[in-house]
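One chain, chain A, links the two complexes that follow: it is found with chain B in the first and with chain C in the second.
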Partner chain A sequence: MKAKEFNIKWGMVIDLDKCTGCGACMTACQVENNIAPMVDASNKLRTLSWMLVYELSNKKAAPDAEIAYLPRPCMQCGNPACVPVCPVVATDKNEEGGIVSQIYPRCIGCRYCMAACPYHARYFNWEDPVFPKGMEKALSPNTSARPRGVVEKCNFCHTRLMKAKDKARQEGGNPEALADGAYMPACVEVCPTGAITFGDLKNPEHKVHELAKNENAFRLLEKLGLAPQVYYMSKREWVRKLGDNYAATGKAGAAKKHS
Partner chain B sequence: MGLDRRGFVKFVVGGVAGTLFTPVIWQGLDDASIWSQNWGWIPRVPKGEVKTKSALSKLCPSGCAVKVKVIEGKPFAAVGNAANPMSKGGVCPICAGGAQLLYSPARVKSPMKKVGEGKFEAIKWEDAEALLVEKLTPLKGQEGKIAAISGDETGSANEVLSALLSGLGNAGGFAVMPGEMYTATRGVKLMGGNGQPGFDIEGADLVLMIGADALDSWGTSVANLKAFAASHPTGGAATAQYIYAGPTLNNTASVCDKWLAVPPTATATFSLALAHALIEAGAVSSAADFAEYKALAAKAAAGFEAATGLKAEALKELAAKIKAAKAPLVVAGASFGQGAGALDFVAAASLNVLLGRVGQKGGMTVLGAAPKAIASAADRENAKDAASLLAQVATGKAAPAALLIYEANPAYALPQAAEMAKAMGNIAFKVSFSTYMDETAALADLILPAPHPYERYDDAMNPYGVAKATYLAGKPVLKQPVLDVKDPVDVLLAAAGKLGLSLGFETYADVIKAKAKALGADFDALAAGGIWNGEPKGGALSLGAGALAKAAPAAADEKAVALAPVTRLAYGSATLATPPANLLNVRDTELKGKDLFVQLNAATAKKLGVAEGNKVKLSAGGAEVKALVHVNEGVAANTAAILLGFGRSAWDEFTKGKGDNVYKILTVSDEAGTGLKVWAGSTVTVAKV
Partner chain C sequence: MKTQFSVAKFDQKLQERWGEVMEEKKQCKGCGGALPFVIGFVAAVIAGWVLFPDLIYSKKTQPIRFSHKVHQEQGMECSSCHTFRDDGSYAGLPTNEKCMECHADVVGSDPDEAKYVEQYAKTGKEVPWLVYQYQPDNVIFSHKAHESFECKSCHPDMSKNDTPPVYYQNRLSGYSKQTMKMWQCERCHAENGVSNACHVCHK
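Take a look at the complex of A and B:
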């Protein structure tokens, strides 16, 4: 299948050699997107984590053991597996920029999209959002709270894109040619090591344009052909291999298909 | 006119077709889908203009300079303040969720008075303040009757507390919670210096962290992360090497070029053995005690493999890397930020002396004493440590009748926590100035709610680790606190006045402004996210051989394993239980339901006869902690690693009763030659249950 193409392609390049796994991105994501805290957050089948930091291991015994942390937002695939399976078109990839949408009021909670997504980037609201008493006063204006029964996921903080475009219009700029850094999701803004670089993968003036072509850049499960808009990079071969799950070539990193 | 069959079919088909062409059905479906999710109990988000305000967020130990995003006058998010040269726009995982902590269910909502075991009643501020004065009045002028414990490492509030105690005739009653600053300053003294050590991570091209979890929970972690990031440009070649030597493959080690698995019992041995390897490779020092130091280093090297489980080759490789670096720096610290004693510090810091890196760019510095706002306040380094104070209370050597607890949680976050909490029971009147209902507040006779960082004036002088003198200050983001709180310092200054003591200030804001003035800094610029910096200093330091020679070798116990408590900044600190929003960050290999995991490497697990998922108990000093086993190769040999900061008995539903409190099984011993209480080298026995 051919990936959907747009003139602008918002994407990330995450340098795994700079991610310490501190979790600031996860906290900032919850704050920005009004994800209610859960009393038992160790039940990972029930938690909502639009951004989730995985721990990777080279599986070697000490002293050769190494670990790496891998932050996983929604990959905003060029050819998303979740879109064709949605029976009510609650999720689509139809907007300039290539962000895969999720329309909560339209979602009927069938969870086909969750089954289809190989990145586990989608989450189902098993409960209504309940904030500790008073904490609803600290809700972010950027994302509506979702009721139980619907699926949700990272949308690259889409409200921030709308606001950046509005700002460009107000300042007489071109909303379809935002400057590098004019729009960035909460996780990118907050990362203390700047491990996540964000921008338009197609715009040569944006850092991600070059970074995505770096020899150490790779995408998760490239062999599936979903063409994610999130790239990772690591100088560590074992990390690149894991990212690809020993894809088609069997070599470190898979054949890269840059667009 | 009758309706025949054909007419009926036409009517139905026409009706259906007509309906499809009207928007009614589609609009209805759309409305139904929207309204079926639009229930009254789903919270609505605020609307309006988002403004940002600068704040000093002292939720984490070092404090983050943040920009707080505010809508309709209410904070909802925090990001780093790019204008602040220390945090450079970065923020830690605790301060990133600072706005939500304003409404933490664990916050103390009003002054409370104890009316029975575990029972409190809300009282008015005027009654609470009157009670405080009433209890302190008869103790005034009686040496040893009033004590205070501060859990704040950097605030000028310490000056107020110390001056208040002096003024009431109890100058020796001021104690501080354990932390790196306290022991490291003593370590510098043992090396012939005077002041708090600093580490210029930003200027170094090889950073060896011995114990210090500098990229997560140690020192000014956000500034350290920024220094790391600057030397590791995305997509480019790194300009500095980072190496971690410590008991676990933690967040810091995960991005380092090399991790050397050193059990917490062998930190000093590792440092001295490395000194030996460096001396072998040609390092010499003009320090007077070099010959003695050289002999000590050689002795340590002989026992290196047995003590650490590492091969001597690893040291040689490391020494070669250090020799090849232009600006190497050794950062000394305990892997969980406390309890290491001064000798572990001296052993690691002496490497900087050996390499001639003291006072150099990218080296170790010594910060001089900062000017005080209140002249009668004692120097912080002369304070007692809280563990010693409560140990004396337990044995009757000290018998204060009143204890003021400022931003500290000694009933939970001291080694042998259960005994410390019990010792507190010997003190008749305990006042807890706390933002949250922590374990200490739950034991107090009077709880005076303190403001959240967005509701108060506060400052931070020389957060531990900074290479040059540093001062930060902040003012409230909110015009009115969200709860009935008062600044503890304002309360103490008012109480001092009623006790006939004038400290020269009426509010904490005045104290901070005076401090800024004494430094020659502009308070308004500081409150807007600015910073004051002094010049970095060096000073001649010895290798500390005299002190190191007194260090007693750890007694080997074949049955016990070293205990490595693990701190992760995101999971809270000694004064803050895991914030509700950060619980999501805790992995299910660290905490599952109410069970903590103890991490053991496969060889250690085999030796102990335990396997993945086994329930075990870790025992030491008459206390025990239960946990499940998780086999993890990121743990040093003969070491059990387990998260610190869980097993809360107070706070809120998000943290209470989850896991166990590892402080309980940290056993205190006296450090030979320094008299300090140490517990970083605690050992435990592990048994299946």
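Take a look at the complex of A and C:
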């Protein structure tokens, strides 16, 4: 299968050596996208986290033990597994920029897309959102609220893209050729260590263009051929290997070892 | 075998029943035919076209009888009051600050102007205007992107409007009846070769 190509390709490069696992990206995401705090968030099968930080370990004993943190937004795959399985075209990759859309009023909640996504980037609303008293005044106008029964996921804070385009128009610029940094998702903006770089992967003037070609750059589960628009980079080899789910033997395709 | 089926007996019973049916039909002449259908059809049409819309939409009037016509006659443009902000977002309706540039005190003889000055300008309360065009929460629309079009290619031409039109609110959804519909957006995008991707208009 050939990945869908666009003139603009919004993408991220996340430097895992800079990520401290602080979780600011997760919080910023929840605020920007009006994700209601859950009364009981202990059941992790029912929590909503468009951006989720995973902990990686090299599984070695004390002096050699190392950990890394891996923030996981939606990969906005070039060849998304979630799109062809949707029976109602509630999700599609058809817009310039390559962001995979999700239209909540159209979603029927069948969750085929969740089963298809190998990155677990999609979440189902098991309950209607309930915002604590007073919090409804602090809701973001950037994202519409989702009812119970629909699937949602990260969309690279798409409304911020629309606002950046409006700003470019107002200032006489070209909305189809935004400057580096003019459009930035909430997680990128908030990251205190600057671990996440965001921009147009195809535009040589954007930092991500070079970073994605770095020798330490890799994508998650590259072997599946979904061509994600999110890249990771790490100087540590064991981190890079985990990115493609290699087994302890270091050989692809060997028996998987769960953490 | 006690209960033996008799063809002759069955046939006779059938004939009797048939006779009864024919008798009933003769008595009922005029009940069938086109008339009841027409009556039912007309009733359904009236219910659907006249009664139902009244039932589903509540009618509201603007808090102030604002005349676009009077303002337009003063040589004002749409953009004199409906402005863009510096970041390219659309401010939509003017606030008291804008209105009070002229109407801090009563300048005309219209009773509704006096009402505005007294109830809103002097108290600092914003006018709760009813907006005919508000879209649902999941729609994002950029006036900046559509700036090259004339206002009235989408909005009604307000320049001749002396009394604001009645505002119809859907009792179930709470939305205005007069919003632009998705097919209208999509048609214009298609005709102008603009993308109809979901996220172009939805959030």
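Following the convention adopted for this analysis, the second predicted complex is superposed on the first by the 246 of 259 C-alpha atoms of A that agree within 3 Å, B and C clash if a C-alpha of one lies under 4 Å from a C-alpha of the other, contacts with A are read in each partner's own complex, and residues count from 1 in each chain.
FYI, a contact is a pair of C-beta atoms (placed from the backbone, for glycine too) under 8 Å apart; a residue touches a chain by one contact, two chains touch by 3 or more.
Please read all numbers here as calculations on a predicted model, not as lab measurements.
Using the contact criterion defined above for the overlaid structures, shared-chain residue A:A138 touches chain B, although it does not reach chain C.
When both complexes are overlaid on chain A, the residue A:E66 reaches chain B alone and has no touch with chain C.
Once the two complexes are overlaid on the shared chain, A:E55 sits against chain B while remaining clear of chain C.
In the superposition on chain A, contact of A:A116 is made with neither chain B nor chain C. Of the two partners chain B and chain C, it is B that touches the larger number of chain A residues. Looking at the shared chain after the overlay, A:E96 reaches chain C, while chain B stays out of its contact range. Contacts of A:A179 after superposition: neither chain B nor chain C is touched. In the superposition on chain A, contact of A:L221 is made with neither chain B nor chain C. Of the two partner chains, neither chain B nor chain C is touched by A:V85. On chain A, the surface touched by chain B in one complex and the surface touched by chain C in the other have residues 104-105, 142-145 in common. Every residue of chain A that touches chain C in the complex is listed here, in rising order: 92, 94-96, 99, 101, 103-105, 142-145, 155, 158-159, 162-163, 165-171, 175. On the chain B side of its complex with chain A, the touching residues are 33-34, 37, 39, 41-48, 50, 71, 74-77, 79-80, 90-93, 96-97, 99-100, 102-105, 215-216, 221-222, 225-226, 228-229, 232, 234-235, 249, 251-255, 259-261, 310, 314, 482, 568-570, 580-589, 591-593, 601-603, 633-637, 652-654.
Chain C meets chain A in the complex at residues 84, 86-89, 136-138, 140, 142, 144-145, 147, 195, 197-200, 202-203. Looking at the complex, you find that chain A touches chain B at residues 13, 15, 17-24, 26-28, 30-32, 34-35, 37-44, 47, 49, 53, 55, 57, 59-63, 65-69, 104-106, 128-129, 131-147, 149-150, 186, 189-195, 197, 207, 210-211, 214, 233.
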